[in-house]
């Protein structure tokens, strides 16, 4: 597997400084509080609005839709800084990461004109409707059904694990538009569903901590106009796969527990604990190695290359690393994990431990990824 | 081993099977607890297990008590049974009469100071303090250590919880009266450290028992790609891992208790504590991976066990404490590690 | 899984002291040199003779065959001490561990009378003929064939991975005595083959270090008399399975790298390295835990209980532990692995690293064991 | 990057594909080595890659040289190419004319002492010393460090090997003449530490490349229970693990070299060294487990790569050295680790 080696330019480094200065200021103003796994658990529409004002939502998109036409490396840097600071970026996350690129690739001009500028302004949030109750890793076993009616489709069924759907305006929903045939991947389509439509019910799935990030979304005869079909009817599976690469190789598969690691190293420095720092350096070395790979994938993605296998690699190894951080840190420092603690370390440790089980499940379980990688490797 | 062990264990397991539903455990997150289960335990004199006869004990010994602790873990029982009964163990070891009213205990750090027969100082993460009447803890008076019994109505309290939503309160005293106190020798303290560590090991063993059971059950019921998931090699690997850790921790617990009963427990407490800390990580990881998305929901009860493992592994005398202790012991010994492992040591204490 | 808790008796502790004193003396006399993985790589007929003189080969067997009628716990203690001292016990290993119990369970009185006393005297070594070229983990795919002739069988085929066959007198060989039927486990039988027979060729399979422990054994029209059939014709598979439990749960699945761990801790003590000792204590805790389980299985075995699943557990976890020891030790101490080194640590580290890959392969790969354990667990 | 990189790499890969059979690598275990491959390399001026033009260099830069080192690992090339060419890198950095005759190098420990212009002292594990004519190493004279060139015919030598059967000899000098020497600054030494570490990283990357390739190939060819083993989930897990470590180490190597070429290499050398040390363990474990029994035979060539990984990870400037170095650097810095990771540092040295 050969990926490009990306060295940041002076301009890119300056951009990083700009983002960092912004975050540093907002942090010290108390606009937000650093959290581990903030891209899932930090949902704050006001903060997203601030980000939009900086031009940092949809920053790689064409200017005619309000984007900044910046490089995906710039966006990579931006995302890294958000996560390193544990900033609350969950509200606009999916629209920025997935929906925008999806519409740019497969959407109609009308869809782009309608949605992208709103997303860019931080006024329109998206959720993703992919998994279904009981589907688990078998994503293709979609049962949610759209039936053709005059001027549109009537959708019945349910989606599950939809992150932050309770705050989202729309959902890109994978539905079955043709009956099940031998190939279960065919006959699927992507619809944009207005979550305020009649017949939509959103009900929380509480996380093990009691937090509300995930939702079940039920569709009871929900009407979706024709113009809300994304791309080609029946091509939904292939379109969805294309999204997965964006979803799997980003810094959010490496940095979810970074605020803890950072704080731990600062604490070890305060303690003048050389042994502890030496141990922690192994984690930093892993992080650095993963980051090289992840940036390499981002570069290939930008150039339109095929990254299914390396993206699966980044996700499977990166999320294992995210899980490892709290387990190593707790052995290096005498710290008691507590969600409501005043001390940052205790809080970050609790957040990391409690969110860790999800890392290797969401966005493709490690077990499924091993299969994808092995098949890719065997095919050469 | 007391002959009543199997009977007591059966009785309590039956009570818990009947009464400790998932919703009952959830109560803790709503800042309340099922007093009625406590009362049923009381009616059955289960709070009196291992209490000395002259103190109204209901029979049974430490081994019986420890097996009940395992059940507390196995059912995530949301009652302060371990805390109350262990507080009484401490009291009896200090020759203080055990308590009937709800009492908790905090030994492992921050001893309070006694000045002019009054106690001052602060304790972090005192289990169940908000619901308890009395607290058993350590305090120092002019360099000497005492086991003290304090009245919690004299305490200032800030409610906190561990990652399993169990009450772990911040408790502070300013010139509080001592209900009673007794000096404690270093040997006695080491013995109590051993006992409390075994108590934690037993709770954790129970939580591991259940995380394993739930995973086996889930892997039979859950289907993916058209067949039960236990048919997939990668799930089998998780099941094998879980079975291994369950067997190892159960054997560790039983061996430590057997040694304790023979009055020969020594490094084994440290070994079992270190092992169960590592097993907790392995078990939580594999159990959650088997359960996948459903297991991280609040609705599924797996988290009652994994969160307890994550909380308990960092409470009381932890692996951190015991591995330092072992390092110090070994440094002072000329016996090599094989001799250490294979030669029984008689407890120097008590 | 519930296993008995074994506490050694005073007599057992005294027996341990006796074994230890013997080994200490032979070690200081230079009779042997401590080695890691000595039960495979330490093959010394003279040392086996010394062990036999102590009555420590076949020590659990009936007295009428020369055995000591001691408990399996005594034998467990003996084996532990051999391995902890890294003594060269490979020559009599298989005869003592497997062949004796096999003959006691399934052999004829003539076989017992003929073989057991010789084994006990350290004059008769056995090899095991189970795996075949290309069979790998699929042990039942036996192709070596025995055809019935007047007064016996004619064997053709080949066995592989036979440890120390070059020093052994006989081999218990799993052969096909009936043509392949639907159930590939049926029609297999165990024959004792005299390795000096005409038609037997033993050729070395060199280990990756160049050492010669393993062999291919070829059979070209080898005649085996009827009285050398062990147990029931066609029952070879079931008989072989019974052996596996003995093979999988013993201290040799935990202690193969123990001499390294012991030496490392002594070195850390010399260095007054408290941090290092604290880290090493975690390995000792694992060892202690595994040992409880392994002794528990030994106890059940003695009482005739079923231990297929717990024995597989001990092997899969124990061998992973054996592999972990050198990887942890090398991070705790500044030591250069070298097979010919004068310093024990360097030598033990090299032996451990180089032999480690075999631990999780020999006697059933971890992958095969996971399947056995999971099936056992699911069956309840 | 020199434009000739791909060409040189192709040429050498072709030579090795033709000439470096498994039997050729095995020669080392018979205490000999394939001089003819060395000679072919010489005829192709490959020993002159990255040597300065004024010293008769054949073009190419460090990047080219490092990519050849990766091939040495990928083919387990049983020739002292890395040692000889890196000895010349050291000489040129010390402003000493590089050598044509076989020269080896030993930097990372035990500097020799210079007294009255004569050198005394002992070095352990000097690579290929028994076959080399000259040795480049460090020596101290009245507290100052020098790069010295010594004649190995002045040395007493004891033949030893690493776990991959490569020559690692014990070499000692008593009042040996210095062929030539030059003082070296601390900055230069740090630069050479970085370079030598990168050299080792490249060799190890190559060995990982091959262990991965062999495993993929084996899993396609080997059948068990009636199908190729790559169809089993547990083998797929090993393949995914191997693919991941291969990708990570290859990317690490390329990134370190890119930084070096830009004159900005700093902590990255340490990161890459630490990562490849850990990857070596993971790769050797998984590759052997995929290959099962066949992979532990001497006949199979897997061990040429895994044994080299086990040897090389403990040679020169190891992870142990670099993690201490990082700890010290971080302790002296007020920047947090994220700033450290994302801010390029210009090399202070050379």
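For reference, chains read A, B, C and D in written order, and residue numbers begin at 1 within each chain.
Here is the rule we go by: a contact is a pair of C-beta atoms (placed from the backbone, for glycine too) under 8 Å apart; a residue touches a chain by one contact, two chains touch by 3 or more.
Keep in mind the model is a prediction, meaning the values are calculated, not measured.
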Task: Touching both chain B and chain C (chains) - done: D
Open item on the list: I'd like the Å distance between the centres of chain A and chain D, where a centre is the mean of that chain's Cα atoms.
Closed with: 40
Open item on the list: On a C-alpha centroid basis, what's the spacing between chain A and chain C, in Å?
Closed with: 51
Open item on the list: Multi-chain contacts only, two chains or more: what residues does chain D have there?
Closed with: 232-235, 237
TODO: At least two other chains touched by the same residue of chain C: list those residues.
DONE: 275, 367, 370
Open item on the list: Based on which chains touch which, is the overall arrangement a line, ring, star, complete graph, or other?
Closed with: other
TODO: Name, in rising order, each residue of chain C that touches chain B in their complex.
DONE: 1-3, 5, 7-8, 13, 16, 80, 84, 258, 261-262, 265-266, 269, 272, 274-275, 277-279, 281-282, 284-293, 296, 309-310, 313, 316-317, 367, 369-371, 373-378
Task: Touching residues on chain B, where the partner in the complex is chain C - done: 216, 219-220, 230, 233, 235-237, 239-240, 243-244, 246-252, 254-255, 258-259, 262, 267-268, 270-272, 274-275, 278, 319, 322-324, 326-328, 330-331, 336-338, 341-344
- [ ] Mind listing the chain C positions that touch chain D in their complex?
- [x] 131, 136-138, 161, 205-210, 214, 323, 327, 330-331, 334-340, 350, 353-354, 357-358, 360-362, 365-367, 370
TODO: Please give the residue numbers of chain B that touch chain D in the complex, ascending.
DONE: 232-234, 237
Open item on the list: Quick check on the complex: what are the chain B residues that touch chain A?
Closed with: 29, 124-125, 160-163, 168, 222, 224-225, 232, 234-235, 281, 284-285, 288-289, 292-293, 295-300, 302-303, 306-307, 310-311, 314-315, 320
